Every structure is written in C-alpha cells, then in structure tokens.
Amino acid sequence: MDDSPALRISGLTRSFGGLPALAGVDLELRRGEVVGLLGPNGSGKTTLINVISGVYRPTAGRVEVMGHDATGSAPEGLVRLGLNRTFQTPRPFRTLTLRENVSVALRHGRNPGQSEDEILQLCGLGGKGNLLAESLNSSEQKRLDLARALATGPDVLLVDELAAGMRHDELDGAAELLRGLAAAGRALLVVEHLMGFVRQVTHRVVVLNAGAAIFAGSLEEASQDPRVVEVFLGA
Amino acid sequence: MAQRPRRQLVSDALMVVLPPAGFFAASFFYNNQLLLLTMMVYVALAQGLNVIFGFTGYLPFGYVGFFGAGAYGTALSVHFLHVPILVAVLLGGVAGLLVAALLSPLLRLTGAYFAIASLAAAEALYYLVSNPQLTAVTNGPYGVNLASVYNSGAAFDAAVILVGIAMLCVVWVRRSHFGMSLRAIRADPLSARMAGVNVVRARTIAWLISASLAGLAGAIYAWAISVFYPEAVFDLSISVFAIVFALFGGVGTVLGPLLGAIVLYGVYNYIGVSQPQEFQLIYGVLIVLIVLFLPNGLLSIRLRRLRRGR
Amino acid sequence: MPEQMETCLRVEGLGAGYGSLQVLWDFDLEIGAQESVVVLGPNGAGKSTLLRTLMGLLPARTGSISYFGRRIEGMRTSQRVRAGIAYMSEVGIFPELSVEENLLMGGYSLPRGRVRRRIEELCELFPEVARTRRGPAWKLSGGQRKMVGVAKALVAEPKLLVLDEPSAGLSPVYVNSVVEALARTMGQTGPALLVVEQNMKFLALAQRVYVIEGGRRRFRGTVDELQADDSLRRAYFGLQGA
Amino acid sequence: MLWLFALIAGILFGLYYALAALGLNLIFGVMRMVNLAHGDVIMLGGFAAVLLFDRLGINPLITVLLVIPPSLLVGFVAYYLLGTRVQRSRDPEMMSLVMFFGVSQVVEALAVIGFGNNEASITSAVFGSKPFSIAGQGVPGAWLVSAGVGLAALILLFVYLYHTGLGRATRAIMSNADEARAVGVNPDRISAITFGIGVGLAAIAGIFSLFMIGGTTPSEGVGLTVTAFAVIVIGGLGSPMGTFLGGIVFGLALMFTQTYAPVWSGFAPFAILLVIMLVRPTGLMGRSVRSV
C-alpha cells in the first residue's frame, strides 16, 4: 500500500460575496488516522467540510483524494473517488425506510461488500431497517447519515458533529465506532465540540479560527498553545 | 421472505394488465368509444404527470406541450414521411421525447420557476406551431387533417396498449431501484448526491419518460379525432385535467392517478356537464379543496385508516 | 435563584421539536427579575430550540412557561414581545434594512415617540451603533452586527432580554466587547438576561448557569459550582485542562 | 424612424407591464407564494372598468380609486381563507402554486359565466382621440395615461415600503420572517395587507389592459400571469424595485418584436421568459433559485 495521504488539501480558500470563509487551509489525512477539526462557531469547520465534499466549489486551492486531483469535483464524483461525509444537521431520506436509505447509497457508490442490514447494525441501527427515517430521533438520524456514507465504501470520511446532541451514555459507543472505522484503514476528519469525545477519538487535531488553520498537533499541545487558548477562552 | 416478492410480482403484473383489459372489455358494454378513448388518454397523461411530479416533485404546468408535440409529430410524420400510422404514432412519442430533451435545461430550475417555465415553453410551442409563417409545415392556425389514416377501432386498441404502457412505467418507477433513487432525490437532493446518485441524470430520465407518455397520448388522440386545430391539442386545460386527476387520486402512487382519471372523468360525463366553463369551475374548486383538505390524494384516506388501524 | 427575588421566568417540563424530531425534553429553567442566567451547551444541544420555544416561534409540545406569574406558552410571539420579552436570534438583524430601521423595528410594539427617545439613549450607550446608524445593515462587520442586534433588542425596554449565541462568528476581541457592552447595560436596573452560549466568556455575566446536553438539562448552579464540577469542565470547556 | 417609435412605445409599455407585475412580485416577496390567479385579477379589473363605463359612464381613472377597497377586501379574505392554510402545509411553495392555479381556473370560469366569452373594451377616445407627440412620434393618450399610472403606482409603493411603519415591517418580513415575528410583527396581518395591495395593483393594471392590450377576455388570465412572471423574473423575484427594470426590458423587447417581426409577437414573451430563466434565472436583481 502506498504511503501517499488519503486526503490532501492545500491552500483551500472559499469566499462568500467577497468575505473569506476559508483562507488557505492546508491539511493531510492518512489512512487509519482520525484527525479532529476544532474551532469556535463560525470558524469555518463546516464550510471546510462542504468545500472538500464538493457542496461548494473552492475559490482557490486544491483537493486530492487518494492521489487524484478532485478540485471542484461534484459530490457524486468525489463519492466515486472514495470520499464521503455526514451532515451537522442530519439529512437522511426522511420518506424512505432505513434499509432503503442505505440501499440507495449501496447501488450508486463503491460497493463496500456489506449488506444494508450489516451496515445498519454497525451503526447501531440494527433491527430498525423497516422504519421510516423520519421516525428516528436526531442522534439516530446522525448515525443513519453515517451508515449512508459508509455504504458508498469511502476511504476518506468527514464526520460533522456526530456526538453533538447525543446522550451521555451514547458517546462511548460512537467513539468506539469511529475508532473502528479508522482501524479498518479509513481516514477520518472529525468535527466535534465535546472535548472528552475528541480526546477519546482523535490522534491529532487541527484548530481553525476565522477560516485559517492556527494550530496542528496533539490535543495536549493544543491546550497549551496560547493562540488556541485565546480563541477558545479569550484568556 | 421468498413469498413476498412473488406476491408483489403478481400484484404488479395485475396492475399493469387489468386496467387496459378493463378498458378493452368496457368497449363491449359501452358504445361511446370516443369517451372511453379520451378517458384512456387522460389515464396516460395523469400517469405521465405522476412520473415527473409524483416522484421528483417537478410540476410541469406546460405538460400539454408534449401532448401537442405528439399530436403534431404524428401529423407531420404522416404528411411528410408517409410512414404507416403506427410508426407515425411512435414518432409522436418521439416528438414528445425530443421536446423534453430540448427543454431538459429547465430541470435546473426549481419549484414555481420550473412550473411556470414549462408553461411558457408550452405556450411558445403553441405559438410556434400555429404561426402563419409556418403554414407550409404545420398548416399554421388552420389545423391538421388526418382523415386519410382514420381508423377508430385501431386507434382505440392503441389507446388500450397505451394504458398498459403507462401503468408499466409507473409500476416500474415505483418498484425499481431507479424509482428509489428518485424518491431519495425528492427527499433530499444533496444527500442523494452524497449517496453517489447522479441527480441530474435521474431527473432527466423521469422527465423523458413522462414526456414520451404525453407524446404518445397526443399521437393517439390526434389519430382518433383526425381533424384538429392547434388550440385543441395545446389547450392548457389538458394540463389542468392531468394535474387534477393525478392529485385527486394521489401522486406518487400506482393506482391514484388511474382512479382519479376514471372517477373524475367518468363523473363529469355522467353528470353531463355541457359547458366547458362549468367543467373548469368544478375542477378549479376541486383543486383548491384537494390542496386544502386532501393534499395527498384520495388514496391517502385509505392509507391513513390503515395506519390508524395498526 | 435567591429566595427573596421576584421570579421573571419559570419554565417547567418544556418539550419542543421539528416535525418528527424532538429536540428539547422536559426542560426546567428559572430566572429572577434582573437576574442574569447563562445556558451553556454544545452545538445541537437544543439551545436555539429552547429560545425559539420561549419566544413562541416554535410551539411548546409539553410543559409550561410562566412570565411574572402569567402563563404565556399559548400566546403569540407578538404578545410575548409586548409583555416585555426581547430576543436576539443568531442572525440578530435585518440585513436588508438600514441600521436606523433595524432599531425602529426593535421598537415595533412601542409608541413612536418613545422609540425615538430610546434610540437616542441607546446610541449614547453604544457608540459603535451610533457611528453606523445611517448605513445599511448588510455592510456591518460581525461585531457591529451583534452590537446593533443587542441595541435593537433593547429598544423595546424589555423586562427580559434573550440572546441566542451572541458570540457566534465573532473573533475573541469582539466577544469581549459584546460582553462588556452587555455588562454595562445590565447593571442594577437592567432587565433579566438569558443568554445561550458555548463561549465561556459569557459566564462573566452570569449569576447562575445551566448546562444543556442532548436537549436535556445536565446541570444547574452557580458559576463556582460549575467550575468545581470536573467532568463538566472537561467535557465542555474548550481545551482547558486537557 | 420605426426604431424611435418602438423605443418610446417600449418604455411606455414597460411602465405598464411593471404595474401589471408589481403585485405578483410583492406577494411573492412577502409570502413566498406565487399567485397564479394574478392574471385573472387583471382580467377582472378590465371587466370592472368596462361595466362601470358602459352602465354608469364612469371614467376609467375614477375606476382606479373604486377598485381599491374591494381589492383589499378580496386580498384579506383570500389570504386568511386560503393563504394561511397552505403556508402551514408541508410544502407551502408547491401547494400554494397548485392551489392558486385552481383559483385561477375558478375565476376564469366564473368570468365566462358572468361576462360571456366575448372581448370587452372601452374606446381609447376617453383619454383624448388625438395622439400626443413625443420626439416627433404620435403616441395615443391612453398609453401615456397607462404609463403614468404605472409610474405613480411604483412611486407610491416605494414610499409605502420605505417611509411608513407598515412598509418597514413588510420589508422586515421579506428580509427574515422569523426575525420580524421576534420583534412583535404579526406576519399574518402584514401578509393579508400585502395580499390586498397585490390584488389592488393587479386590478388597476387590468383597467389599463383595455388600452394597452386592447380589450379583455376571460381566458387571457393565464397569459397575463405568465407575462407578469416574465417581468418579475427579468427584474428578480422578490425585488419590487427590480420589477420596474423588468417591465422596461420586457416592454422594449415586445415593442421591437412587434415593430420588426409582428408575426412572432405572440411567441416572443414566452421565448424571452425561457431564455432569461435559462441564462440568468436569478433575474437582474434577484437571489439564487437553482437547485443543487
């Protein structure tokens, strides 16, 4: 297996009406690695995920997925290259059953060699395949988002706040799930506000502020870094 | 588990076969063949509208444009290509398909924009066809005469087959993975893209199927009545009927538009409304009432009761 | 809440959500007249939903809301505003209107003359707002938007001021100035204050703190009690003590 | 000098078309509903003017004032009876579209039953039979009056929206309906008033459709709705002042077609709408409408 990064972004910039939401972000993700993406509200975390996953076109910069240039690709093109994401506010197909939700992705993505029910089981939704997605609570809907993403067989997975809104007793299971996905050879970029969860899941973190990466390194170092502390605590 | 798909298959087959068989049988008991034929044409139109509106949420007010294109496609094929009438009817379907392909950029629009743009397209097509400068081609505002190929019995049989085709299309869309993708797109287009679905392609396919059905319906209708003016086959009320029938029965279902067309068109003829404006008034009121009180159509009443019963 | 203080707002068993999605569960909350309360919680915890339900922008599915002893959960939003509750959403302003018009809209439920007087007072209190007063609101920077948003909410002379994440999208410098401006406004005679936030700086304003998690209340107490709760600190408060 | 005439006529017609589209755009801006019965209200306005003129000899300019109170009433009733209900449905935009399509059918049918299928009109001599001269081009007085009323309506609407409390609240709702509710605006009240104004503007436009389009028939509603929609799409949906620009562009395009290729003048409005939608669906001043 080659050692090139699963995801490499360089100089990624995106402006909305002249205002930069992302200003030249660089980031590398390797297989088997979980990187936490931190930053205060409005720092550009979700925008970054939207640009990487093709929802927005970058104003400048480059995105490479598994060694292929994917800059400006449409979402479905990125899915074929092996990238997928979940949404901060979950977006399942509400009028479809859980099994159908996963089935659509299985048919159109890169087949991961698992069945609908196996993927649902993996995401903690086993036995619910015949329910309509709109009947799920928000934490289940987030896991369904994840299940749909996994059904396309991604090598790179962008997870936007899986734990937010989850009950305390669900967090350990979610953390274990994400670590397992990485251990199976995927590269994960995880946006999260719950620090305990970040500590449990990630190998290292990147901190965004005002659209720029101001720190990259371990979570321990981050908590000592004056710029990071300033951003989070204003101390 | 193995039993269910087979039962499903049988019921699907029945839904494709029974409606045309019913119409065919009805022709032996009921002597107003033109009424039955028109009803079948509306079944096809309502189901065609169902394919695009019921499964993608795109509502084409100008759906009649494909109907008119089918009628004129057939007429032009007869007059200029001198092909056999059945080929001409098929070419009418192709005409609907081609117009839809030409208009497929409209699918980039959403909601009201799409609905009204499609209406404008149908009107533009009408003014194009009826333009006196094109008299040499379309005979302009003076209409079309297909008396040379008139054959009411054969046209009736063609309409029976058309109903079967329309039912087949909807059953297929409802059951297939393609249909599942369409429902997924409707639920959330961005998520569908994230599931790897080519949203533009899927919508375009539904659009083309829908337009081809309308084109065939227009072709067979033109064949059956044989003499018509452009106003008759580009009449906006044809769109209105298709929309009302589909909505009344319930869009996104297999049987709803079929029932809607049979019930409403049947009741209309039974009551014997003689003035078109009374017809228009009743259907207008019906649209308002459906939107206000029965937004998911007639079939939803049954579904609601089932759900409550469980 | 201190015993002798009059109760401004009492929320009991509040539940709310969108469609089939329940976001807020069985939430209790109490604010005394002139008390300042901060509700902390991460993204998606239900903070905005709580405020939208308080304002009547979203119907309460369960529970009750009492405002100075009066049940208000069935009232229209406009009635709640007239009763003296002012709200700043995360957006906070009308971008298409001028700053002046934004302030006028803030006093929509008040008589005309009083609004004019009130706007002059607030412009003295918020020099930032006075400077941008004549311009269109969409031209404002993030920090200026929040200032205008707060001033707009204050025009109505509220008895309860409700703010939805005033720090959202702001750089730390601006967060400080918003906190300072709020501290200046509140003082002794100011309204009761309810802020939902994930930024710890707003604790400086708080007499009491609630923590919301997964749509449910996880903690209530004073700032000191909160700081003493190690697990909460580790879970929520940035990278502190990582 | 054909082009000069087309230019002058285009601007005059442009002002008229702006008037014809203004109400549709206002209603859309506030309620996000497309009133597909808009063209039918225009048609009714035309019939009102004809009836009042024929039976009572009332000058169409007086009719402008007379149609306002019933229009406001109709708008109120329509909004509270129909609008509020669809706005609370699952898919308000689509549902309102379908519903007002039904309303349009009802109005058209009632008009046929009430007025018959014949064209009704008023002689344009009511505004003077001698053409006025503008830059050496003879222009019927009725055109000038129509354009003048259109301009006056635009100015009055501008004053209302930018210099009155109600207008400010209306713009606040256009900007962000939830935010407006949160400062105490009752959106239903503003929406009902707006609906009334929108209907009134359409009815006034109807009076002058007699002179600009040349008579009115019950079936012209749909075409007028599409025309009005074309005008607001050119100017930008939800931007009342963009309608002014849209009207002028549309009027000029129409007049130049009529001058140089009259056979295509039925085709032109629809073709213009299609081209604009495909090339620049946001209009000249509007917001994005394309799907993902």
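Observations
As written, the chain order gives the labels A, B, C and D, with residue 1 at the start of each chain.
FYI, contacts are C-beta pairs under 8 Å (C-beta built on N, C-alpha and C of every residue); 3 or more make two chains touch, one makes a residue touch a chain.
Since we're looking at a predicted model, the values are computed, not measured.
Among the remaining chains, those touching chain B and also chain C are A, D. The greatest number of inter-chain C-beta pairs in contact is found between B-D. The chain with its CA mean position farthest from that of chain C is B.
Chain centres here are Cα averages; for chain C and chain D they lie 42 Å apart.
In terms of their C-alpha centroids, the spacing between chain B and chain D amounts to 32 Å.
Note: centroid distance chain A to chain D, computed from Cα atoms, is 48 Å.
Looking at chain B, one finds that residues 190, 193, 199 touch two or more other chains. In chain C, no position touches at least two other chains. Annotation for chain A: residues 55, 94 touch two or more other chains.
Pairwise, the chains that make contact are A-B, A-C, B-D, C-D. Put simply, chain D touches chain C in their complex at residues 165, 168-169, 171-172, 174-176, 178-186.
Interface residues of chain C facing chain A in the complex, by the touch rule stated above, are 19-23, 42-46, 142, 165, 167-172, 175-176, 198-201, 213-216, 218, 234-242. Only residues 38, 40-42, 88-89, 94, 134-139, 141, 161, 164-168, 193-196, 199, 209-210, 219-220, 222-223, 228-234 of chain A touch chain C when the two sit together in their complex. Of all residues in chain B, those touching chain A in their complex are 177, 180-181, 183-184, 186-188, 190-199. Across the complex, chain C meets chain D through its residues 55, 57, 76-78, 81-82, 86-87, 89, 91-97, 101, 104-106, 108-109, 112, 152, 156.
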